[in-house]
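Chain naming follows the written order as A, B, C and D, and within any one chain the residues start at number 1.
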Amino acid sequence: MNKPRIAVHKFSSCDGCQLTFLNLGEALLQLNEQVEILHFLEAGMSDAETEVDIAFVEGSLSTPNELERIQQVRANSRYLVSIGACATSGGLQALRNLEGQHDNWRDAIYARPEFIQTLKEVQPIAAAVQVDLELWGCPVSSAQILAAIRALLFDVAPIDDRDRVCLECKRQQAVCVLVTGAAPCMGPVTRTGCGALCPRFGRACYGCYGPSETPQTDTLAQRFAGFGLLPDAIARRFLLINSQAPAFLHTGKVFYHSGTGDQDD
Amino acid sequence: MTSRRIRIDVPALTRVEGEGSLRLEVRDGQLHELGLSIFEPPRFFEKFLEGREAEEVVDIVARICGICPVAYQMSALNALESLSNDSPGHWVQQMRRVFYCGEWLQSHALHIHLLALPDFLGFDNAIAMAERHPNEVKRGLQLQGLGNSLIRLFGGRSVHPVGARLGGFHHAPEAEDVRALIASLQQAQSDAADLTRFCARLPLPEDPQTFISVALHHTDCYAIERGTLRTSTGLELTADQFEQHFHETHKPDSTALWSDFNGEPYLTGPLARLNLNYSQLPPFLQQRLNEIGLSLPCNNMFMSLIARALEIELVIAEAIRLLQDYMHPASPFTPLTLQAGSGYGMSEAPRGLLWHRYELDDKGLIQAARIVPPTSQNQARIEADLHRSLTAFGLDNDEDALRLRAEQVIRNYDPCISCATHFLTLEKQEIE
Amino acid sequence: MSGHACLQHQAPANPALPTEAVILGRIQETEDIFTLQLRLTDPEQQWRLGIQPGQFNMLYRFGVGEIPISFKALGEDDQGQPVLEHTIRAVGRVSRALAALKPVERIGLRGPFGQGWPLHQAENMDLCVVTGGLGCAPAVSIIEHAFAHRALYGHIHIIQGVKHSADLLWRSRYEYWAQQPETTVMMAADVAAPGWPWYSGRVTELIKRLPLKPAQTLVCCCGPEPMMQASAEQLIRQQVPADAIWLSMERNMQCATGHCGHCQFGADFICRDGPVMPYPRLRDRLGLEGV
Amino acid sequence: MPASVYLPRRDLQCLLDLIVSQGYTLKGPQVIDGAILMRPLNSTSQLPKGLEQTQAPGEYRLQQTQGLRHFSWANGPQALKPLTFVPRETLWRSEAQPDGTLKFHESIDPPEPTAVLGVRGCDLAALALQDQHFAGDPYYQQRRQSLLLIAIDCSHPADTCFCASTRDGPDAKDGFDLALSELEEGFLVRAGSQQGTALMEQLQVSEPTLEQHQEAQSQLEQARQQQRHLPDFEPAELIQLNQHTAWDEVADACLSCGNCTSVCPSCFCFSESEAPELNGTESSHQRQWDSCFSEGHSYIHGHRFRPDTKGRYRQWLTHKFGSWVEQYGRSGCTGCGRCISWCPVGIDPLQVLTQLGETQS
C-alpha cells in the first residue's frame, strides 16, 4: 500500500505551527509510519517541487516570490491545508495592511530597500489559491493537525469545528472572566480549538483562533464599551492576531482611530 | 593545485528554524564568494508594537518566534518592568526561571536530536535516523516533550504560551501538577546525563578558532532569565548600555540585519554562556565536565552540541531545585505601575542573547520598540566561521563534503531565522 | 401481520453501543445512491431485524462517525438468511465514507429506533405514498413493504415530486412499480425538461387529480417540510381525515435515543416520538421558521 | 416537615468526617477564580466563611464579610450537572481487528461514590428533571446513583434568583439525603432518605430549641422575598409567538454564545463525535455538552433550521419555558438565575418572557 505523501511548506511566519509537528513527540514517529513526509525543511526533508497528497502550508503571503511559490504548491498537491493564523487570515504581520504604510516602513528600516521585495499587503493563502481546509489558531494545536491527518487518511473531510470558545470554556468548568471581572474576553466570538486556554488561566481570550461561526462582534464590542474600554482599546482587541478575518476587521475598523476621547481639539 | 571552480548553492537550508540559503564559490582554492542570506520576509513587528498597551506586548512578541516565545516574553517583561519601582517578587522570579528552563530544555533537545545529530550520524533527517537509532531519538523526543510540559505548566501551551503577564503570571500551577512534573524531571536526569555522554563520544571535528563570547552573567546563578551582559573581552554592561557597543547594519542580499560588537563579530549562545559562566555550574556538572574531558573556556564551535547537552542537564536540575518546595502563592502576580520612559531588558534565549527596548508614553502605550535577537548577533560570526572552518577543512574537498561541513557550521549556531527578520528599526537609518 | 414476527424485540442494555454488521452486498442505485445489504454478525443481536418500515438504524463507519439511515427492506442472501437493506445517498462525511465500503467490510449498527409507519392502521386500506425531493428512503420502505405483503393493502398510489425533472433519481424503480397491478405512479416536476413524460407542476396539483377514496386511504408522506404540509392540506381538502396522514420528519440526530436534544421539534424528539408522526400532531408547528 | 436536629457549627467537621469514613469522595463549595465551585473537600476550613455575593445580569462578584456562615451565598456557575451529565466523556471504543472485523467496547467506568455538600433546592429540582430526561441513559444513571446529596436551605438568594416563583426553593424540598438550614450558630439538620437518617443517627446532635426553629423559619420567609418572578405566560402558546418582535430585539443583544445553556442545570443537549487514533485501528466515540446556540445543533446536510441568533434564542426560550412542560410535566426552569448572571451581555430571559406575555394576553 502506498503511504500518502505529505509536505510542510513555510511562508511568512514564526515557525510555531510547523513546530506543532516537531512537538508531536513519539506521535511524530508514528505519523511517519502512516505517511511519507517528503518536504519539511525544518525537519530536514527538502523536495519542494514534488507532488504530494497533502500539503500543509504555514505562513502568509508577503512577497512576490511567495505568490509564485504558493501556486506551485497548489499545483503539486491534491489537498491543501492552511495551518495557523498567518496562513488563514494573514496573522499578526497582516496588521501592516491597516496602516498602508508598507513602503514608508520598508524604506525607513532598510538601508537598501531595493533588495526588499515585499507585497504591499499581507495575504492569507486562500487569497491566492484554493484551500481545501483551514486550521485556525495561533498556533494550531497538535490535536487539530492529527485529527486532520487522520480524517484524510480515512479519505474523509476533516471536521471543521467553528463553535465558540465559550462552549468549551464551560465544558472545561473554567470561571468566566468577563462575568466575574469585566475582562474584555473575546471567547464569545472566537473559534474553539485551544481548549479555552486563556479563561482557564484566568485571563481574557485574545482571539488567537479567529472568528467563530455567526460571530456577534459588534454586540461584544458594545459590551466592552460598557465596561469602559475606549474605542482604540476595543479596536485593539479585534485587530490583533486575526485582524484580517472579515468579522474582526469589520468591528475593529468601526472603533479604530475613531477617537480616544483625549484628542487635542 | 589544479584550477577548480566549485559553486555551492543551498537554496533552502534544512534543519534550521526559518528559511535561509547559503551560496559559496571556491575558485582556485580560494573562497571567492560566501553568502548566508536570510530571506524571511520582514514582518515589521516593532512597528505593530507602537500604540499597543504594555500589557499586550507579551502576546505580540511571543509571535516573533515560535521556537523561543518564552525568551521573547521574558526579555520584554524585563524591559517593561524596569519602568516600575516595584519588582514582581521572589516567587515570580523563581517561577519565571523554571518557565524559561522549560524552553531551554525543549529547544536544546529539539536542536540536538532533530536538527544536529543527523549530521554527525550520517542521516538526512531525524526520522530516517530513528530507524537506526530509535532509542536515542525517542530519548530526545521525550526530553523535548518534558520541556514542553514545563512550559505548559505556566503557559498552557508550549508555543505562544498564554500564562506570562506583567508582574508575574496569570495563573499559578496546582501543587499536584507540579509534583507530577518533578517526578518526570527526576526520571529524566539519567537520560540527560546519558545524552551528554553520548554527545561527548561523537567524533566532533577539531576546529579551534578565536572569537569573542558574549553572554549574560548573574552573581547568584547561571544566567538564564536575567543578568548583566559580559564579554570575554572583560566588559560588563547593563541592558541600557547595550546600544553603546552593539550596532546593526543591513546587508543587501538579506532581509536580516547584522549585529557587531564595537565593529567585531561575536558569539552568543550556549558555548558563549558556558565559556563565561562555567564556574557557576553545579558540582555534578563540574564532575561531568571532568568525566567527558571538556575544558573551558572552549574555542571549538562544534562543542556547542555538548554545551547544549550540558545546559539540558542544568535546566532539569534547576527546575527540580526551584519546584521542590513549591507553594501555591496567594497571587501569581504583583500589580505593577509603569512609568513613562525607556525600558531595557535582556535574557538568554536558548540560542543566545535577546535584547529589548521599549519607550512607553504616559498613557501606558508603546511609542517605540527595538528588539535584537540572537540570530542577528551571530550572523557575522557565522560568516567568519564559515570562512575559517571551510578553509581549515580543505577547500579541495568535494562538493558534498564542503556543503555538509558548511551546513554543520551553520547549525552549530542553531540559527533561528524566523526571528532574524523583524529587528528592523528606524535607528538603523541614522547609523548608515 | 407484518414483518418477521419471529424476531422478538429486545431492548439492549446500552442503546448507545453499536453492534457489528458485515456488508454482504452493495448495489449502486444511481450515481450517488447505493444500497448496503447487511448481516449482523452477533447471533444475539438478530432481534434487531425486527425493524419496521419507517424506523431507522444508526450506521457507523469506523473512525468516522454515525448517521441515521432508514430501514429499507429485509432481503435474503443465497442461503435464504435475512439481510438488512439500507439505501443511502452519499452527501457528506459519513455517508461518503460508507459509500466507499465494499462487501465483506464491516460497519457498526444500532437500532431500530423510532416509530415507523402505522402498518396496522393501514391494513386493508389504500396506500397513498407522497414523496418529494431527492430519493426518500422511508417512502421506499413502505412501498417495498406493501408489495411484499400485497394482499394486505388496497390500491397503492405513488406520488413523487421533484424540483427539476433531472432530479428524479431511480427512475427504473418507479417504472417497475408503475407496471404492478392496482398501482398508480404519478410524477411531477416543478420544472421539467423537454421529453418529461409526466406532469409538470406542483405535487399538490397531482394530488388533486388522484382518484382517492378518502375514507379508506392512509397517506404516507415524506419530503421537505413545506411540500409535506402543502400535500397534507390538499389531502385534507379532498376529505382525507387528518389523522390518516402520516409524515416522516428529519432533524439532526446524534444519539437516536431521545437524549441529545438535536432532533427536538417543539416538544417532540423526532428520533423517539417520530420520525413518522400523524399530521395533527405536527400541524401547528410545521411551517414555523426555526422550529 | 420531618423532625430536624441541631448541629453546632463546630461539629460540621464531624459530618464531613462521617461521610468520608463511609467511603464517599466529598465535594463542597470553595472559592476558585472568583466564583464558588464544587471541589474535593475534607475540612470545613476549605469552605467559604462569611462570603457573600452579588449577582446581576452579566455580573457575579464575591464579597468577604466578617460573618461566620459558610453558606451565605446563593450559587456558583454550575449546579450538579457536571457530576452526572459530564461535559465530555467517551461512550464506547471501537477496534478494527487485523482480519477486518470490528469490536466495540462499552466505556462506562464505575463511578466513585460521591457526596456533595451545599446543594440548593433549585439544583435538586433540576436534577430531578435530568433524572427524567436521562432515564434510559446508563452513563448518567451510574453516576447519578452514586450520589449522596447534602442540601442547604438557601438563606441568601441573589438578585437573580426566582426559585420562590418556580416553587423549587429557597429551601430544599426533596431529593436530598440530608438537608441543612444554616443558622447563626449552627445547623438544623433533617433527613430526606434512609441513608440520610442513618447518617443523622451517627451525629452528636441535640433537639433544636424553639428559637432555632423560629430563626430558620423567619430566615426562610425572608429568602422567599425575591425581586424576580416567573412572569405570566401560557407555555403551550409560546412556540406560536414565532413572529413576535421580542425575538428580533433579543437577537440583536445576544451573542449566541451558549453560556446560558451551559450553566443551566436542566439543559441536556450534547453532540457526539469520533476520535480515531492515529494508528487507524482504534477509535473512541465521545459526547460533549452542546447547545441550541451552536450552529451544529440544527444542521442537517445542506440546511440549518436555525442559522441565526434569533432562531437559536427562540429555541432556548420556547423549549425551556414552553415545550418542556409538554415533555416533562413542568417547565425546565427551576429559578436558579444562572442564565441571567452568566450571560456575558446580561440578557434576562424573564424580561423576554414578560415582553412575549404582554402582547400574548
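Assume a residue touches a chain if its C-beta (ideal position, glycine included) is under 8 Å from a C-beta of that chain, and two chains touch if they have at least 3 such contacts.
Please read all numbers here as calculations on a predicted model, not as lab measurements.
Colleague: Select, from all pairs of chains, the pair with the highest number of C-beta pairs in contact.
Modeller: A-B
Colleague: Considering only mean CA positions as chain centres, point out the chain farthest from subunit A.
Modeller: For subunit A, the chain whose C-alpha mean is farthest off is C.
Colleague: Could you give the separation in Å between the centres of subunit C and subunit D, each centre being the mean of its C-alpha atoms?
Modeller: Centres of subunit C and subunit D (C-alpha means) sit 40 Å apart.
Colleague: If you average the CA atoms of subunit B and of subunit C, how many Å lie between those two points?
Modeller: For subunit B versus subunit C, the centre distance works out to 65 Å.
Colleague: Cα centroid separation between subunit A and subunit D, in whole Å?
Modeller: Roughly 37 Å, centre to centre.
Colleague: Distance-wise, how many Å sit between the C-alpha centres of subunit B and subunit D, to the nearest whole number?
Modeller: 50
Colleague: For subunit C, write out the residues touching at least two other chains, lowest number first.
Modeller: 63-64, 92
Colleague: Mind pulling the residue numbers of subunit D that touch at least two other chains?
Modeller: Residue numbers touching two or more other chains: 273, 276, 280, 290, 296.
Colleague: Could you list which residues of subunit A touch at least two other chains?
Modeller: 150, 154, 159, 202
Colleague: Answer with line, ring, star, complete or other to describe the graph linking chains that touch.
Modeller: Graph shape here is other: it fits none of the named patterns.
Colleague: Spell out the residues on subunit A that touch subunit B in their complex, using ranges where they run on.
Modeller: 10, 12-20, 22-23, 25-26, 28-29, 32, 37, 41-46, 48, 62-63, 65-66, 91-93, 95-96, 99, 101, 105-106, 108-112, 115-116, 118, 138-139, 141, 194, 197-198, 200-203, 206, 208, 232-233, 236, 240-241, 262
Colleague: Which residues of subunit B touch subunit A once you look at their complex with the stated criterion?
Modeller: Spelled out, the residues of subunit B in touch with subunit A are 12-19, 39-45, 47-48, 51-53, 56, 59-60, 63-67, 69, 106, 110, 114-115, 118, 124-127, 130, 134, 137-138, 141-142, 144-145, 148, 156-160, 162-163, 165, 170-171, 249-250, 252-255, 363, 416, 418-419, 424-426, 428-429, 432.
Colleague: Can you list the residues on subunit C that touch subunit D in the complex?
Modeller: 13-20, 41, 60, 62-66, 91-92, 95, 104-108, 250-252, 254-255, 257-262, 264, 266-267, 284-285, 288-291
Colleague: Using the touch rule from the top, collect the residues of subunit C that touch subunit A in their complex.
Modeller: Going by the criterion above, the answer is residues 63-64, 92-94, 96-97, 100.
Colleague: Inside the complex, what are the residues of subunit D that reach subunit A?
Modeller: Per the touch definition, subunit D meets subunit A at residues 32-35, 37, 58-61, 77-78, 82, 87-88, 252-259, 262-263, 273, 275-280, 288-291, 294-296, 307-309, 341-345.
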